[in-house]
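Below are two complexes that have chain A in common, paired first with chain B and then with chain C.
After this line comes the complex of A and B, so read on.
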C-alpha cells in the first residue's frame, strides 16, 4: 500500500523553478533513497512533505498525499496532528537535533505530551523503552543534556524520538553525513531495525551510494530539480539508463583499480 | 584596579553589598531624610552628620541612602517595564515574521530614530515633571532596544535544527517559543539589561537634575545635585557627594554587566580581551 504519493510536484521561488514535476511513491516498508548532487532539490522536496518550506518557496502545482490526506492543503493547525505522529524527520546535524538547555527526557516528554494523553509515568516508560531499543543506556540518556552525549548517541536518540510514535513515514535527510563511517553504519543499521519493527516507509536522502546499495530497496536520482531515473535499487545500480546515473556510479572509486583519475561529473 | 575588579569575583561582591545596602537603608539611616533643621544648615562633614547637612539642615548621609532607593528602584522599575514590553514584542515579531514583523519593526525604527536623551526630555517635558512621567518617558526610549535584541535572537534561533525538530514533532508555536526559545533570549537580554542599568540610572539622575524627574523634597541623587548647585561655593560637598554616588553606582553596574557578558560569552571563556 502506498504511504506517500507525490504527483507532479513543482516548487518555485518567485520565477525560479527549484523542483519540477516530481513523481514519487513510497509503499509501506519501503526504503527509498533519493540521491543527487548538492542543489538538486532533494532537501526542498523532503521539506515540502512536512510542510516545512520557507515562506518564500511556493508549491505551484502538484500534490502530496499521505495515506488519503492531501498534505499540501493542510492549515498550520491541522499540521500539528500529522507532524511527529504520521511523519517524522531525522536531520544531518545531530548536535542541533536537541534543544541545548533541555534534557533529552524533557524533549521526549514534550513530544509525547503533545500527541498522547498518557500519564507521566507511562510517558517516561515509553521513552525509556524507545531509548533502550536503539541500544542506549536509557536511564542515563533520559536524564542527560545534549552536550553530555556523543554524536552517535545523539543521532541514535534522534532516531528513537523520530520512531517513538510509529510514524507512517520517516524522512532521513542525510542522517549520517556528519558522522564517521563506522558510527554511520551503526546508526543506519539501527534505523533499518526500527523500520522492520514499525514497518514504516523511509525516505532516505544521501550522497553515499554505498548506503543506498546496502539499505535501500528503491532509489530515485535527482538532478537540477527533476527526477531523472527511479526504480528498484539493484536494477538502477546495475543497469543505469540515464547518462547522469551512469556518471554517478562511475564516480565511485573502485578498490581494485586505483590508477585512473576519478571522473568529474 | 578596574581590571582586577573585572577579573575577580569582587564585582559580584560589590553588587551584593550595594543591593543589601539599598534594602536595609531605612534601618541604618541615622536621621529622617526629610527632617528639616534650619539651625543646622550647610554643616560640613562631622561625626554626627557623616556627610554634612544641606541647605535645609537635612542629613546628607540619610538622604543619599534614601536616594539610592529612589534612583536605583526607579531604574529597576524602568528596566522591568521595558523588558515586559520589549521582549514579548520582539519574540512575536521575530517568530511570526512577515507583515506583522515589518510593521512592528518600523514602529521600533521610528522610536530609535530619536536620540534617547532628547526623546526622554521631550516626552517628560510634555507630560510634566514627576517621577511617574519620567519612568514612562524612559521606558518609551528603552523598550525598543530589548524588542530588537529579542527579535534578532529569535531570528538566529529559528534557523536551528532543534526548533525545526520541535516543529516537526508537532509541538505548538507557543510551547516552542516558551520552552525552546525564551531561555536563549533571556540570557542575552539580561546582559543588555545590566549594561543598561547604569545608563538608566544616569538618565534618571540627569533628568531629575534638570528638574524633570523626582521633585523636592523627594531624596533623589540628581535632584540633590540640582538643589545643591546654588550653594556650591559655600558647601561643595553637597554636590560632590551625590555626584560621586552616581559615579560609583554606574561603575558598579557597568562592571557587573561586563562580568555577565563575559560569563555568558562561550567563545571567550578566559575572560581575556
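After this line comes the complex of A and C, so read on.
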C-alpha cells in the first residue's frame, strides 16, 4: 500500500523553478533513496513533504498525499497532527536536532505531550524505552543536555525521537553526512532495525551510493530539480539508463580498481 | 563556593582601583572647594582663612596621604562629610539612593514593556508595517535627546493636560514622566536588538527540528526561540548599564527629582569631593551587582555554562 504519493510536484522561488514535475511513490516498508548532487532539489522535496519549506518557496503545482490526505492543502494548525506523528524527520546536522538549552528528556516529554494524552510517568517510561531501543544509556541520556552527548549519540537520540510515535513515513535527510563513517554505519544499521520494528516507509536522502546499495530497496536519481531515473535499487545500479546515473555510479571511488584520477561528473 | 570567593575578591579589588583612580582625577581637576565653602556668606575672605581651612581638610598633605586617610576611614564605613551640608556622605547617599533605584527600575520596566512586544512583533512580521513602524520608532528614539523628550512630555502632560506632576517626587505619578522619558530612550535600542536576535534564533536548525516534531508555533516561539534570543540582549544590557545610570543623572536634574544623580551634579559644581567619591563608589558597586545578576542569568539561559563550572561565565 502506498504511504506517500507525490504527483507532478513543482516548487518555485519567485520565478525560479527549484524542482519540477516530481513523481514519487513510497510503499509501506519501502526504503527509498533519493540521490543526486548538492543543489539538485533533494532537500527542497523532502522539506515540502512535511510542510517545512521556507515561506519564500511556493508549491506552484502538484500534490503530496499521505495515505488519503492531501498534505499540500493543510493549514498550519492541521499540520501539527501529522508532523512528528505521521511524518517524522532526521536531519543532517545532529547539533540542530535538539534545542541546546533543554535536556533531551524535556524535549521528549514536550513532544509526547503535544501528540498524546499520556500521564507524566507513562511519557517518561515511553521515552526511556525508546532511548534503550537505540542502544543508548537511557537514564543518563534522558537527563543530559545536547552538548553532553557525542554526535553519534545525538543522532541516535534523534532517531529514537523520530520513531517514538511510530510514524508512517520517516524522512532521513542526509542523516550521516556529518558523522564519521563508522558511526554513520552504526546509525544507518539502527535506522534499518527501527524500520523493521515499525514497518514505516523511509525516504532516505543521500549522495552516498554505498549506503543506497546496502539499505535501500528503491532509488530515484535527481538532477537539476527533476527525477531522471527511478526504480528498484539493484536494477538501477546494475543497468543505469540515464547518462547522469551512469556518471554518478562511475564516480564512486573504488577500493579495487586504481585509476589515475577520480572521475568527475 | 570557591567561585563566590573569587568574585568577592574581584569586587573588592575593583572598588579599590576605582576609588583610587577617581580620587586622583578628582584632585587633579581644576577648582577649589575651599573658595566655595567660604564664599557662602558673600563676605570677603582672607588668605589666612583659606589656608586654615585647607589645613583642616588636609588639602596640603601629599596626595597619597590624603588617599590613605580616606581609605582608612572608608574601612570604618565612614565616607566623610559633605563640605556643603556637613552631613555624613553615607547618610546622604542612603537618603537619596532609594529614589534613584526606583527611577532606574521603573525606567527598565517601561523599557521592557515597550521593547519586548514591539521587538517580538517586528520579528514575527518581518518587513510588514509593524516592522517598519518599529524601525521608525527606533530611529526617533535613538536620535531624540532624552532631556528634550522630557521637556515635551512636561509640556504635554503637565502644562497642557495637567494630569501628571512635572517635578519632584512623592507618589507613583511623580515617577511616571521621568521613567517614561528614560524608558523610551532605552527601548529604542532594545527593540531592534531583540528583533534581530529573534530572527537569528528563528533561523536556527533546532527550530526547524522543533517544527518537524509537530510542536505548536507558540510553544516553539516562547520556549525555544525567545529564550535563545535573550542571551545577546542581556549581554548588551549589562554592558550598557553605565550609560543608563548616566541617563538617570540628566533625568533627575530635568525633573528636579531628588536622587543621587541630582546630588552628584550639585556636588560636582561645588567640588564637594567626599560626595563625588561616595557617588562613584556607589555606582561602581551597583554596576558590579547588576553584572553579577547578568552572569547568573547566563547560567539559567545556557546550562552549558552551569554544568561546566562557569568557566565561560
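Keep this in mind: the second predicted complex is superposed on the first by the 264 of 265 C-alpha atoms of A that agree within 3 Å, B and C clash if a C-alpha of one lies under 4 Å from a C-alpha of the other, contacts with A are read in each partner's own complex, and residues count from 1 in each chain.
Basically, contacts are C-beta pairs under 8 Å (C-beta built on N, C-alpha and C of every residue); 3 or more make two chains touch, one makes a residue touch a chain.
Predicted, not measured: the structure shown is a model, and the values here were computed from it.
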Superposed on chain A, are chain B and chain C clashing or fitting side by side?
-> clash
Who does A:126 touch here: chain B (first), chain C (second), both, or neither?
-> neither
Check whether A:213 is in contact with chain B, with chain C, with both or with neither, and answer first, second, both or neither.
-> neither
Which of the two partners, first being chain B and second being chain C, lies in contact with A:13: first, second, both, or neither?
-> neither
So, A:99: does it touch chain B (first), chain C (second), both, or neither?
-> both
Taking the superposition as given, does A:145 touch the first partner, chain B, the second, chain C, both, or neither?
-> second
Report for A:23: first if it touches chain B alone, second if chain C alone, otherwise both or neither.
-> neither
If you stack the two complexes on chain A, which partner ends up touching A:89: first (chain B), second (chain C), both, or neither?
-> both
Check the residue A:80 against both partner chains and state whether it touches chain B (first), chain C (second), both, or neither.
-> both
The intersection of the chain A residues contacting chain B with those contacting chain C is 50, 52, 79-85, 88-89, 91, 93, 96-102, 107, 110-111, 114-115, 158, 161
Which of the residues in chain A end up touching chain C in this complex?
-> 50, 52, 76, 79-85, 88-89, 91, 93, 95-103, 107, 110-111, 114-115, 145, 147-148, 158, 161
Which residues, counting only chain B, touch chain A once they are in their complex?
-> 97-98, 160-172, 175, 179-180, 183-184
Listed in rising order, chain A residues that touch chain B in their complex are 50, 52, 55, 79-85, 87-89, 91, 93, 96-102, 107, 110-111, 114-115, 158, 161
Would you tell me which residues of chain C are touching chain A in their complex?
-> 204-206, 208-217, 219, 223-224, 227-228, 301-304, 307
